[in-house]
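Please find the structures below.
In what follows, chain A forms one complex with chain B and a second complex with chain C.
Showing the complex of A and B:
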């Protein structure tokens, strides 16, 4: 019974993409037909090869997402470290409010961010977009690293300290290897958030900086099935690729898992 | 010793700056504009008349309630489905099935919302996939007799997108926590004669309640304030508040800006409070206390 439900759910998740895959390769789709017919590669040509924005938007997206991944991960490590290992004034406030951006309706949040960006003259700049994306990806990073830091056995750090580690060696030789899977995870989540984010990119980028998702918007809006399907497949394959890469990297590191969560 | 005390403050400096400048500063910025103080447009002085204008528009209450209806329905459906899937996953002993399901859920998680809109259009349109199936089995005679599922007043399309994207999020998140609970409690309950529904209700949900509330509230907040899904799949009337806000924002008449900002402050505050209320209610429902 449980197995049937689970398998059924997986089919529901996967099956829309199968239709999309067919739509990207077959052009004839009049009403009563259930599956499209007439094989063609025009959609791939028009959406990829003849599209002047394809390469630049993809490059923009990847650069922005990578920067966001790195920045969010670093801020996440710093904040989580402070929350788990240190005592300071206002700790309760930080602990309560670090997930705040996820609970404010995105429209209101980004209209506010937009007005700040104008004042700081970050409009139409990549740095503005990265900062806006960081707002919604840092909370996930902090959450990940809080559970990782809580899982590290404190004795290991203390042993390092008594043997004369400087704080830098302590971090690079003991803490960093232990939280490496968390770094991969946080990086990939931040990367995906930035890569798929449409509204803030378009609001702060002001049409100057075109990323993959802002490029895809008109195709979705106009209901352009063939080209939209092609772009979507490329989009999702990149996301799947990132996901698998992360999993592969963190599985290589899995042997240290036995030290974690004691 | 003194420099050691500084370390935690240095560590939290970036996040405080980030949140302070962009969330705090943003709120101050939109409040100032909503009070009618925009020197660059020649508007000076402070007044609350824009708030009363924004609230007295006849679409306001309708849009607000419509948004809350969408967010609430989507969050509840996604949470129930997500928790049930997570429970079935944790207690299912077949590793093959577990691996396949996890992959499928992760796949659902990484599909962008914008693309969810695209899928909704393909599937639920009056000439979409389900309409075609209904036609070929003879349930409908022409596309127009297929019920309107997107761009409709009941917002089925919008809710479907949020459920489609939200269910994997909730279930993957809750699954992680439920996986750590272990079999002991379940086995004891089973030997004392509990059915699986009782085990889910009395053991798994209370122990995972924090993460359920967290994940569900995020879905709720996202559905309340998301732009692309609400804007692209909305009916003509009523319009969700975030879509309405956007059409005011791009309005060519610059004098509506204070009113737009007033609406945005209202969405910020009311939206935030509704999300808070939702999570308090949910945790009360799951734990029996706050």
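Showing the complex of A and C:
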């Protein structure tokens, strides 16, 4: 019974992707046809090979997403560490401030960010886009690392100190290995957020910086289903690829199950 | 003097945890600090190790004030209440960790690890992860890890409190053996008085943030400085009375003594009193058997005494008995 439901749910999720795949390979697929007709590779040719923006936009996206992944993870680690290990004035306010972007509608948030970026002269700059993306991804990073740091017994760090660790060796030899799964997780989430973000990239990039999602949008928007489907397939594959890569890496690192939270 | 704490004071917010604590430990001795939970025992260890900074007072090691020295430079071993092994390292890597930090060469490191594995009887576990060994073994590894960089001082914070009684006894013996072999100076914190009586050369009793008494186990047990220390070390009897011309007069009768005259309180442990079935003057008011011994409450109209005897119950409630007190070595506290 449980299995049937699972299979059913997966089918519901996979079915639309299947249609996208069919749309990218056949030129004629209309109602009431059940199976599409006229197999063709023209869509793949025009959307990938002959598309002048394909390589540059994909490269832009990957660079921006990687930068966002690294920055959000670093900021997440530092903020979470401060929130868990130290007492300071306005701790709750800081925590709330960092979760706020999760509740405010993206449209309202980025209109505000837009005017700030103009003043900071970061419009049409990659750094502006990364900062905007970080607004959405940092809260995830912080919350991931808060739970990781809470899982590390403070006394374990004290053990390290009594064995002669300086704060730097303590972090690199004890803390870092223990939060490694969190780093993979936070990096992949931030990467995917940046990679899939359309609105803020478009707004802050001002049309000068074309990423994969901004490049793809006009195709879908204009009803160019064939080419849109090709780009969609590539988009999905990259996302799924990143997801499974991090899953694999964190599994490999985490040889022992659940050693945290002992 | 190996460790010399001078007038240590520590306050957390409004609460005074340590109030002018002074403790001396000689080279190669084992001192245990006894006190109720939350008395500040752990804080003393953390101050010696440098993990916590004292508000006032000095920490001297080998006659040098190390109050300003950071934790990582002190080379003091610390064993915590729980093993706290690094979960991402094998047993061997855990023990090796401190040596790597101190940059020992590999031949010396290997030799030291082999020596510790043998000393703590954990050979064969080197390649296991901490989650795959038992609690007792984990604590042994933790001790090996703390001992690895050859510290001269080892601090232990209730290291066996999570182990079952038999294992606890075994570990106590092991610690004693290691202490003698390595000529270590150990400060051992516990709230288990039997453990500390069995292990220590000296015991310090910490009550309300102050050291109430610091002495050898025998004196702590039989000659406590005040009633609080006496009660902390186990059940006891206080008999108020008066000494006049070499005789102690009280409600239990007259006892010979060579103490000075004045109002005194006789302190006596329950197992020092013997019951005389032939005698008279006392009535058995209650009795309770706890396995190897029987605890009687015996008394007169205005005085109740606790008496412990080995074996099973041979007296019954309401029976008239006499009590035999030791003739010498009686200990009196000043005042009523």
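Convention: the second predicted complex is superposed on the first by the 255 of 262 C-alpha atoms of A that agree within 3 Å, B and C clash if a C-alpha of one lies under 4 Å from a C-alpha of the other, contacts with A are read in each partner's own complex, and residues count from 1 in each chain.
Rule of thumb we're sticking to: a contact is a pair of C-beta atoms (placed from the backbone, for glycine too) under 8 Å apart; a residue touches a chain by one contact, two chains touch by 3 or more.
Nothing here was measured: the structure is a model prediction, and the numbers come from that model.
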Open item on the list: Do chain B and chain C fit side by side on chain A in the superposed arrangement, or is it a clash?
Closed with: fit
- [ ] In the three-chain superposition, say which chain, chain B or chain C, touches more residues of chain A.
- [x] B
Task: Partner chain in contact with A:153 - chain B first, chain C second, else both or neither - done: second
- [ ] Using the superposed model, measure off the angle between the directions from the CA centre of chain A to chain B and to chain C, in steps of 10°.
- [x] 100
TODO: Check the residue A:230 against both partner chains and state whether it touches chain B (first), chain C (second), both, or neither.
DONE: neither
TODO: Identify the partner contact of A:174: answer first if only chain B is touched, second if only chain C is, both if each is, neither if none is.
DONE: second
TODO: Considering only the touch criterion stated at the top, classify A:20 as touching first (chain B), second (chain C), both, or neither.
DONE: first
Open item on the list: Going by the contact rule set out at the top, does A:166 touch chain B (first), chain C (second), both, or neither?
Closed with: second
TODO: Just the number, please: smallest Cα separation between chain B and chain C in the overlaid arrangement, in Å.
DONE: 9
TODO: Provide the residue numbers of chain B that touch chain A in the complex, in ascending order.
DONE: 7-9, 11-12, 14-16, 18-19, 21-23, 25-27, 29-30, 33, 84-85, 88-89, 91-92, 94, 97-98, 100-101, 103-108, 110-115, 117-119, 121-123, 127, 129, 132-133, 135-136, 143, 168, 214, 217-218, 221-222, 224-228, 232, 241-242, 245-246, 249, 260-261, 264-265, 267-268, 271-272, 275-276
- [ ] Would you tell me which residues of chain C are touching chain A in their complex?
- [x] 49, 51, 71-78, 80, 82, 84, 86-88, 97-98, 101-102, 129-131, 145-146, 148-149
TODO: Provide the residue numbers of chain A that touch chain B in the complex, in ascending order.
DONE: 2-3, 5-7, 9-11, 13-14, 16-17, 19-20, 23, 31-34, 74-75, 78-79, 81-83, 86-88, 94, 97-109, 111-116, 119-120, 131-132, 134-135, 138, 142, 192, 195-196, 198-199, 213, 216-217, 219-221, 223, 225, 228-229, 232, 235-236, 239-240, 243
- [ ] Show which residues of chain A lie in contact with chain C when the two form their complex.
- [x] 153, 155-156, 158-166, 169, 173-174, 177-178, 255-256, 259-260, 262
